[in-house]
Amino acid sequence: MELAVPIIVAIISAATPLLLAASGELVVERAGVLNLGIEGMMLMGAMAGFAVTLLTGSHIAGLAAAAAAGMAMALVFAFLTLTLSANQVASGLALTIFGIGLSALIGSAYVGQPVAALPKLDVAGLSDLPVIGPLLFRHDFLIYFSIAMVPVLWWYLNRTRAGLRLRAVGESAEAAHALGHPVIAIRYGACLFGGLMAGLGGAFLSLSYTPMWAESMTAGRGWIALALVVFAAWRPWRLLVGAYLFGGVGIFQLHAQGAWGLPSELFSMLPYVATILVLTVISAGAARSRTFGAPAALGRPFRPSG
Amino acid sequence: MPAETPRLSLDGITRRFGAVIANDSVSFAIAPGEIHALLGENGAGKSTLVKIIYGLLKPDAGTMRWDGKLVAPSDPRAARKLGIGMVFQHFSLFDAFTVAENIALGLDDAPDRRELSERIASVSTGYGLPLDPDRLVGSLSMGERQRVEIVRCLLQNPELLVMDEPTSVLTPQEAETLFATLRRLAGEGCSILYISHKLEEIRALCSRATVLRAGQVVGTCDPAAETAKSLAEMMIGSEFDAPRRQLVTTSEDIRLTVKGLNRPAGGAFGVALADIGFSVNAGEIFGIAGVAGNGQDELVEALAGEWRAPVADSIVVDGHPVGRLNAEARRGRGLFTLPEERNGHAAVPSMTLAFNTLLTARRRAGLLWNGIVRRGNVRRFAQEIVRAFDVRTFGVDVPATSLSGGNLQKFIVGREVLQNPSVFVVAQPTWGVDAGAAAAIHAALAGLARGGAAIVVVSQDLDELMSLTDRIAVISNGRLSRSLETARATVEEIGLLMGGAGGGARNAA
Amino acid sequence: MPLRIDRRPDSTAIRVAAPLLAVLLTVGTGFLLFMALGLNPADTLYQFLIAPLLTFYSLTELGVKAAPLALIACGLAVGFRANVWNIGAEGQLTIGAIAAGGVALAFWNEIGWWILPLMLLASILGGMAWASIPAFLKTRFGVNEILTSLMLTYIALLILQMLVFGPWKDPDGFNFPQTRLFSDAALLPVLQEGSRLHPGAIVAVLVALVAWFVMARTVIGFQIGIVGDAPRAARYAGFDARRTTWLAFLVGGGAAGLAGAFEVAGPIGQLVPTLTPGYGFTAIIVAFLGRLNPLGIVAAALLMALTYIGGENAQIVSGLPQAATGVFQGMLLFYLLAADGLLRLRIRRVPATNGKAVTP
């Protein structure tokens, strides 16, 4: 049991950036918008969070900067796709390409610099308990935040009027518009929330997971987050399960590196192979059961008439 | 004019789209408790006017008064606040949500779930519109969906209820029930603006009618004092003769046989086709009536080859089984189809008129040479259609979307008819088309039949089928009824079949 | 007089004007960006955009870099037209390069005219094979091809690493992660002495011409466009969406694979862990910038090649970080998408007249 604790803690860490970014994208997609630019938003968040923390010494300022960077990127995307009705797929790709480049450009000054990791919770007594302490009471803010967001999102989507409106916009923008709901404004809001969460997901990488900045340090996690939303069938609780499963795969491949005399690259492929397999199983199952739950208007542009 | 202050009065409402004036200085008034008809053919500007009243569009000029006070609702919310309720022709409903959720979305101050469910139950039973708040809307019939829309309006105690073509999705019997509800509402003081182009029902229901033609008000009258013919003449602006096809003796050669055609439901809310069977002779026009959403789309797709049957023999054209062929191969056998939706299905709006001929006329009109598009032939064929069907367009190199609905419909009907099909299946041939174009399309179909083709017309417009077809059958919940000779069938009889008397009933609540 | 925003339909003028406007805006923003980075903006822009056009060598380099971009982008454009979002060209290129490299290494001791054609064939098949995975998953199970093709790119890059760090490592290479240098029989000839320009550039132009003809003049091009634009109309017309999806992936994968062979048999001459500066991704931008039209793509590929060479130039002369190239490329795509949208907006004053009504 004692041996399993560090592994579980590592899984929690690996799952958190995925969970954060995917939670944001889940809301975006529930509003009927497909933002493929998570990778770019995460990288900007990671870079901004790291740089501001380094410059100010304040983690709070760093996290705020990460959130702001993610939202700024999301705003560009929203302006293109919602205001100018540009193609969502192309705009998302542009966001990622741009984010990779810009984060690398601005971040080149910070490569190799050290920064203090986000502080961990330390509750006298509780945090020092064996097993339970490290598992439950010795994490940083973002980990608790990412988990807390799951029930909050569930409640928001299924129990509040605002959540109902958001889902309505994602189901049929035309019908929502005809009823007088501000489709474009709701979608802007969703996109900004997606940027905020992706930015924080990136900041977790550069301030907690590996407290440093490196070019393209997200290594495809933004894309895996997109796959997770499909895996979760657009439901927050399944997202939690999916993120921890993928976190587990990531940690497994790290620990198994070089085992059985196999090349380490084979293990590094695991998260990507797992993503493809999971997507296939989910999509094949969805085709059969017809209860996929994808928002009906996902990816479809909306133009108010008149 | 009534002496009291009108509930709603419009004065000089004008709205244009580009070069087109949809509403040109429209003025009229509705009194409290009045059922007022807004009458006009497709494209006359009714929908634009309704959207302005409901705050979805802003007028370029003109004013609107509510109980005598100047108002300008900026969005539907503001309109609802005034007391305006709206039931759209195309419902603003969400298939994946429950009835209660759908209703909550249309209320500006929705109560909590339990209270809302109770109020839905009490209002819906009170007005004879029973509804289960927890059902998914996607599983409801069209008539039930309309009830959701109406109940949603009623929960806000509207003082003006706007209904846009409400009976187009109802069986004649369901329409009667709706009229009873509307009369009762009017009796309670609620004004009703009733938009339609169906003359008989306006004469039966409305106390006053404003007639709109080409965006302008051409007159206000008491519909009960007019005849259907005089109303139609006001609406169309010329002498109107209800067309009735000259019956021709059809030959005994069967050109199309459909037998034991089954198709599983596609998607969560699709309709399954069950054991569809009918046959059509050379020279015959066969009508398929039914309320929207009872399997018409599925049937037309199956006949077209967009969905392929597992059994080749389930569709036979001139003795050749075609059930497993794709659409292009079926056209090779002479089976041509035209689906209901013009935009993105029967035509590609962003593509030029000329290139739209490539969708179906590649083979018969000689548009290809070894896979290479013969652009000269493509343009010539398109020009031929434009000439033969009097399509109003600036040439054949403009995108299809630049044509009006009626002209595009004439073009795509022409595209099929000029290829001289042996069997022609057409859905909603005159949907959203003005009277002139509709007459031209009907004439083309009749001409094709005279030439020996077998024709199937799928339509929700019973009047159209009664005047055009030789035989008629009704599709209800994916099943096709026995066929009736049109000349001997009554609307009553067909209405009963539409409600499901002939088989499974998707509309019976 | 109220203002109203309308949208005008797509037109040739917009299709041409939008990329030009995008380039202008990108240059303008680049100016500001260089200032913010503390560089002399005019000087850096000169290094970036003009200097590469002034020497013969860098002009040939333009061809060297534009060739793979144009080749890949032509293949991708076919897919994008059909609404098939294959964004894994980098992976397909990598597998194509591995296949070509495998042939080169297998016949390292042999001499024969057939080695090079065999390599090219192997690379096309390799790229197609890699692209057929997302094609199969999409047509069979409905799996989103964006995610699968991208995941397969990561996997392909790891396979390449595994090979050059492992079994295919040059035995006499001082343990560097790279294969042997290919034998002369496995190397492309040089078109112009003193440059690296190889026949791949000619092939890219030929491929673009053929692609243009197929897309603009044949029923296959028509079919691809309809399947992408209006899937229901495509079914009505009798076009098979699955076969079109397969076609799009095979063309995209084959072209990317071939580009991979040209890289390893041309400028690189062996397999190394990093084969390209992200040609497979940049080609996405090239495809859009060229308006998914193969002839436009050739022009866009030249422009994008310029940013690569200019980026290297500016790095050496002005100390501009290498990542600036990526920023420029991303920005270009942003501005293109924005310009497309903006040029279509038409803000007009609405006169309040009582003109004659016309029915639409």
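Labels A, B and C are assigned to the chains in the order they are written; within every chain, residues are numbered from 1.
Basically, contacts are C-beta pairs under 8 Å (C-beta built on N, C-alpha and C of every residue); 3 or more make two chains touch, one makes a residue touch a chain.
Each chain and its UniProt protein: B = Simple sugar transport system ATP-binding protein; C = Simple sugar transport system permease protein.
Quantities reported herein were computed from a predicted structural model and do not represent experimental measurements.
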Relative to subunit A, the most remote chain by C-alpha centroid is chain B
Return the chain pair with more inter-chain C-beta contacts, choosing between B-C and A-B.
B-C
How far is the middle of subunit A from the middle of subunit C, if each middle is the mean of its Cα atoms, in Å?
28
Could you state the distance in Å from the CA-based centre of subunit B to that of subunit C?
46
Quick one: report the Å distance separating subunit A from subunit B, using the average Cα coordinate of each chain.
45
Multi-chain touching residues of subunit B, meaning two or more other chains, are 17, 58
Contact residues on subunit B for subunit A in the complex?
17, 51, 55-58, 75-77, 79-80, 88, 91-97, 101, 104-106, 110, 267-268
Partner subunit C, residues of subunit A touching it in the complex
36, 40, 76, 79-80, 83-87, 89-91, 93-95, 97-102, 104-105, 108, 215, 220, 223, 226-227, 230, 263, 265-266, 268-269, 272-273, 275-276, 279-280, 283-284, 286-287, 303
For the complex, which residues does subunit A have touching subunit B?
161, 164-165, 167-168, 171-172, 174-181, 290-291, 296, 305-306
In the complex with subunit B, residue positions of subunit C that touch it
2, 6, 9-10, 217-220, 222, 225-226, 229-230, 232-233, 235-240, 350, 352, 354-360
If we count contacts the way the header does, which residues on subunit C are in touch with subunit A in the complex?
7, 37, 85, 87, 137, 140-144, 146-148, 150-152, 154-155, 158-159, 161-162, 165-166, 281, 284-285, 288, 321-331, 333-334, 337-338, 340-342, 345
